[in-house]
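Scroll down for the structure; my scribbles are underneath it.
Each chain carries a letter (A, B, C, D and E) given by its place in the written order, and its residues are counted from 1.
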Amino acid sequence: MFFGLGILRGMNITLMNFIRSYTRKRGSGEIGALTTVQYPEERLPEKEKFRNFPFLIYDDKPEDLRCVACDICAQDCPPRCIYIVKETDEAGKPMKKPAVFDIDFTVCMNCGICEEVCPFDAIFMDHEFEIADSDRHDKLLYHRDDLLKTNEHFHKIRPNDGREVDTRLAEAKEAKAKKDEARKKAAEAKAAAKAKAEAEKATEAKEDKPPETEKESDPQ
Amino acid sequence: MDQMFVNIKAALVGLSDKVFPDWVGVLVSIAVSIVAIALLGPLIMMYLTLIERKVVARMQNRIGPNRVGKYGLLQPLADGVKMLIKEDIVPRNADKVLHLLAPILIVAPALLVFAVLPFGRNMTAVDLNVGILFFAAISSIGTIGIFMAAWGSNNKFSVLGGMRSVAQMISYEIPMVMSVVPVLLAVGSLSTNAIVEAQADWHWFVFTPWGFLGCVIFFLCGVAECNRSPFDLAEAESEIIAGFHTEYSGMKFALFYMAEFMSAFTISGMTTTLFLGGWQGPLLPSWLWFFLKTYGLIFIMLWFRATLPRLRVDQLMALAWKFLLPLSLVNIVATCIWHFLSDEAFFTPAAFLVPLALLVFSYWGLMKLNQPYMPEKRVYPLVD
Amino acid sequence: MPQLEFLIKCGVYGLMGLGIIAAVGAVLLPNLFHAGLALAFVLVTIAGIFMSVGAEFLGMVQILLYVGGVMTLIIYTIMLTGRLGAKDVRAQNRQGIFAAIAAGFFVCWIGPLILKTGAWPQRESDSAPPLLSVEDLGMSLMTEYVFPFEVLGVLLFAVLIGAIVIARQDRPS
Amino acid sequence: MTLDEVKRHIEKHLPGVALKPVRESLLVENPLDLPRVVEFLKADGVLQLNYLSSVTGVDYLTFLECVYHLYSMENKTYSLQLRVRVDRENPHVPSLVPIFRGAEFQEREAYDMYGFQFDGHPDLRRILMWDGYVGYPMRKDYKQEDSEVLDRDDIEWLQKHGVSVAEEHIKMAESLQTGGESEQPESEQTEG
Amino acid sequence: MFEKMRVKTKVIDSGKSGLDTQTLEVNVGPQHPSTHGVFRMTIVLDGEVVKSLRPVMGYLHRNHEQIAENITYSASMPYTDRLDYFNSMSNNQAWAMTVEQLAEVEIPDRAEYIRVIMSELTRLVNHVSVIGFLLNDMGAFFTPTLFAFREREKVLDVFEAVSGSRMMCNYLRFGGVNRDLTDDQLGQIKKIVADFPAFLDEFETLLAQNEIVCMRCQNVGVLPAELAINASITGPMLRASGVNYDIRKVDQYSVYDRFEFKIPLGEKGDVYDRYYVRMLEMRESLKILNQALEQIEPGPFMAPKVPACLKNPRNFKPPVGEAYGRVEAPKGELGFYVVSDGSKEPWRYHVRAPSFINLTVLEAMCIGYKLADAIVILGSIDIVLGEVDR
């Protein structure tokens, strides 16, 4: 209507915000309420699905961690920041344990692809984000032991995923156990059948044993 | 309570008279005033920075500094120490002399004006009978300081900033002085004390139509004079980085900062003196009234800063020459009408309505004349 | 209060000394910008002297007009025409001799007048004109000298219009 | 309109143009016809393809290809992909900037990344890389310079972690360290 | 003798037009408070008026396309977050749609709805932030930006709860989405969408009718409609010039045909129109979100019989061929051109970035205006350097 009206209406908004910052509760999300969270003292509630840098999970002893060094996550990591070397036992045969499992946190972009592609549920995304450090090369290059965290930690930060992973592992273990028994039973049945077959063969063989052995002894 | 500071000063002078010969007493009283102002200026500036950050923060739904000291009260000290520690960089082939002299030439006028401000009943440092003229003259010296800063930094952006701020200072000085003339007509003297006395028992000039308009014009020109939003062209961060004080760091930059805040205080102080009845006020001691009113006006300045975007250079000039100057001239005419219609009674209805009608008509007329700057109405079709 | 008199006197004489130094600087300084600033300082010292004699109004007007107005425009022109401010602009003219002669005439003419007035400060007793207050100034401007005041106004107005016409001619917007 | 109808429509109006459908796009055999075809498509009453969405360079080892995506802002259903093939040595393609202002930056990027020489482009210089850069990074045969050169502190770090570093790497690092001429095989020393 | 004495002062060679004022070349450089990232403009000024303006970019060039050609299709999904880091969900959607078009993958309805909800939420976040930065460039000292960020935080919390990260979501997969939306997350989104109109009214009265904003924005940086079409400008900039072209309406991709919403068009195509068109677009997005939140119903969030897509992304080999998928990203038409040679890595991966092409007309719009306007015009174009430089 007159020249200054838009300006006055806009200034009224900021004045209302100024007054409401005292009247409305801080962090209530209403218009005009303060939104500051005093970071070190107060913290926002952590979301379960929040993903920061990965960590390796082990069940009860740090030695038997779930990772079998199959190198799938290293190949699938977009910026290639995982470096795995298999452990070799005395005879030099590579074992299913990573001797070296380095993740370079300066390169990792916490995209969570390693967690998705890991067939053994061995690597998960952590919630720990206060890991700033002074030296880029050594301190932020996490080795296997720095990455290890217990299953309880995993349950603490991600309860639903933890339960789901555990149920899945439990089923897999039972399935494997059932399969083992089945295989064991099948093996016994086969062994028994074989034993029975030999027994009959042994009896037939006794009557016409001499001719068979000469044929076998002079192979072409 | 009201004359507290005056009694303190008298006691000090009395103390020195007992010890030294009488002429030293005069020196002591001068020294006390100087020390008071020299302490008051920077102190006001320090806590104005804190108040600004707190108020603007509250307008933006955040808390503002509250880490250093109880409610951030020590924040100004922290800033001061930081400014002292910061390395003072002088560009290589800049003009060393100008670079060094510029902040001094900007802070000095800002501090000098304190001498004329009537902080309370007979608490004016120097009771010049040309007080207002002193204020106008001193505030025009600041322009040269900005020139020196712009030219001394040998930086394209600061030259641009320097040009802009000088054009702005000159073109806003004239409406500022013109808007003071009605007060001088009503009071008949240039002395700040006389002006405040004339506004005794609620005869504040702001309640008269011409006084209100004069106050608005004076305040706007004052805001433009000390380069604060919405006229902060000289140090427009988004366009020319920091204008004339781009190349300053450390204590020199702190001086620029101090000059800006002190001139903000003096402008608000002068507006209170001229239009809001200075230290006149019912119950509280006089100096408290002065500070309350001044900080009220400073709150408005911070409110401007938190809300309004800045004007472009040509719009700024157009506002000064084509809007504020004619309005202040018409304001003088309105004062004369008010003066002769009101037969010595301050609030006569006729003397109130006729100038009011004249001013409203001229405001509307000027709006019509400045058509290209008026916002257009736009229609936005919503199509499929 | 003789001590106070002495203090004020040496203060004012110091101011005058500074003024002279600044005036010499304004002439001899190589950098034009510095010379401009020295000139501004001279004008401020003159305003100081006016105030010390008691003519506060004149001192304030001196600062407002000369330092605030004229000097600002001089420096503005120095900054605008880029090449001027940067390099050294020495007066290359060889008119030293003629200047000396002219200065000599000036000194002889003004000298006796200065000596006649005697040292600062003026005593009220001897024939100093009554201190002019702002009010009398205003009344006299509006009564006795109203005609020159109006003519000056018209003249300034004409000057203003002329300046705008010249400036506009350069860049017809 | 299917691809063949569009092809016949163009050939009807522009007799001398040779077009070949390639994977639901039209290959303009002779690159010099490109401006004529695009001009016609833009001005045509039926198709009105007046919006050039994107210009892309592609490297197919034996030849370089420039793909244009054209859409119409009037009749919103029509769109067409045009293709132009040039050999790798002197990839000259007529620029579309006189017809479509939008092609300006995209053609400069194609020049910067693949080395297409757009004739008629008002201001053909590198847009993403710095002006002194040599080589076309997106070409398949682009060898990234000094990707194998190790610095002295890299070598120290590797040795600290028990990795044996080849002898010539150490020699290379020493020469780098002493400010010697860095042996980038073919790119001369970039100034500045 | 007199020659020696004549004053040797050189007459300033004033050109025919009187004072030959020096033009000043200013680098509004890569490090500048209001170039929205590392973007440089070499501006030649005559006084305050812009004579010529040359944009210089490439400071943030990471050769994103070369990276994408050396990693598998789904491994480059997190890289698309970093293209236009303000709205990673619509970048993901563009890349996912392109590869699904290439591999002919069908997506269940719930995944489509989740994608529409997420990209409309990013449109809200992007427009609100852009208006905040534009007003901040004009000098409103951070107040609009902080109001905008107060609302943006709520949306980013939803993104974090859903995808795991606030800005780098990496949430979409070929064939659907990574995780399902739980009910309380849907409740959170409903609450945000319900509160947003009140915030928009406050945001509008703050500065929309403000006389200073109108003086600074109206009739500044006018972009005529035919120049916009010719320079292949897309997004709110094009619609502010009055051209009705919104890819959600043109291609009807995803499930946008099931929603009823309008497209706001500007009148003059100046900075004020671009500012106000974005405000109206936010209100339209709210309409879409409301309808989407009603129509969404439980179901599979990932396509079941997908050719070996999600579980082992390592040997996802789309058939030989090429595809060009485009999406109406908040900044304009974001297109991905992908050529596949049947192997795990794309043969050619090209991003048609809207901010990169919208910069073509920056110089045409800035000539003749003042330096302060050039900054505001750049702010109204809404560029993000991650997308410009790729």
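Just so it is clear, a contact is a pair of C-beta atoms (placed from the backbone, for glycine too) under 8 Å apart; a residue touches a chain by one contact, two chains touch by 3 or more.
Keep in mind that this is a model prediction, so the values were computed, not measured.
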| item | value |
| --- | --- |
| Fewest touching-chain hops separating chain A from chain C | 2 |
| Maximum centroid distance from chain B, chain identifier (CA atoms) | A |
| Chain closest to the middle, measuring from C-alpha centroids that were averaged per chain | E |
| Which of B-C and B-E has more C-beta contact pairs | B-E |
| Most remote chain, CA-based centroid, reference being chain C | A |
| Interchain centroid distance [CA atoms averaged], chain C/chain D, Å | 70 |
| Rounded Å distance, chain A centre to chain E centre (Cα mean) | 35 |
| Intercentroid distance (Cα basis), chain B paired with chain A, Å | 64 |
| Interchain centroid distance [CA atoms averaged], chain B/chain D, Å | 60 |
| Touching two or more other chains - residues of chain C | 80 |
| Shared interface positions of chain B, touching two or more other chains | 59-62, 159, 306-308, 374-375 |
| Touching two or more other chains - residues of chain A | 3, 6-7, 10, 13-14, 35 |
| Chain B-facing residues of chain E, complex | 24, 26, 32-34, 45, 48, 135-143, 146-147, 150, 206-207, 209-216, 218, 244, 249, 262-268, 272-273, 276-277, 280, 284, 370-373, 375 |
| Chain B residues within the chain A interface of the complex | 55, 58-63, 303-304, 306-308, 363-364, 367, 374-375 |
| Residue numbers on chain A that touch chain E, as the complex places them | 3-7, 9-10, 13-14, 29, 31, 35, 44, 47-51, 72, 75-78, 109-113, 116-117, 125 |
| Interfacial residue positions of chain A with respect to chain B in the complex | 2-3, 6-7, 10-11, 13-15, 17-18, 21-22, 32-36 |
| Complex contacts: residues of chain E adjacent to chain A | 71-72, 74-79, 143, 150, 153-154, 157, 160-165, 168, 170, 178-179, 195, 198-199, 202, 205-214, 310, 312-314 |
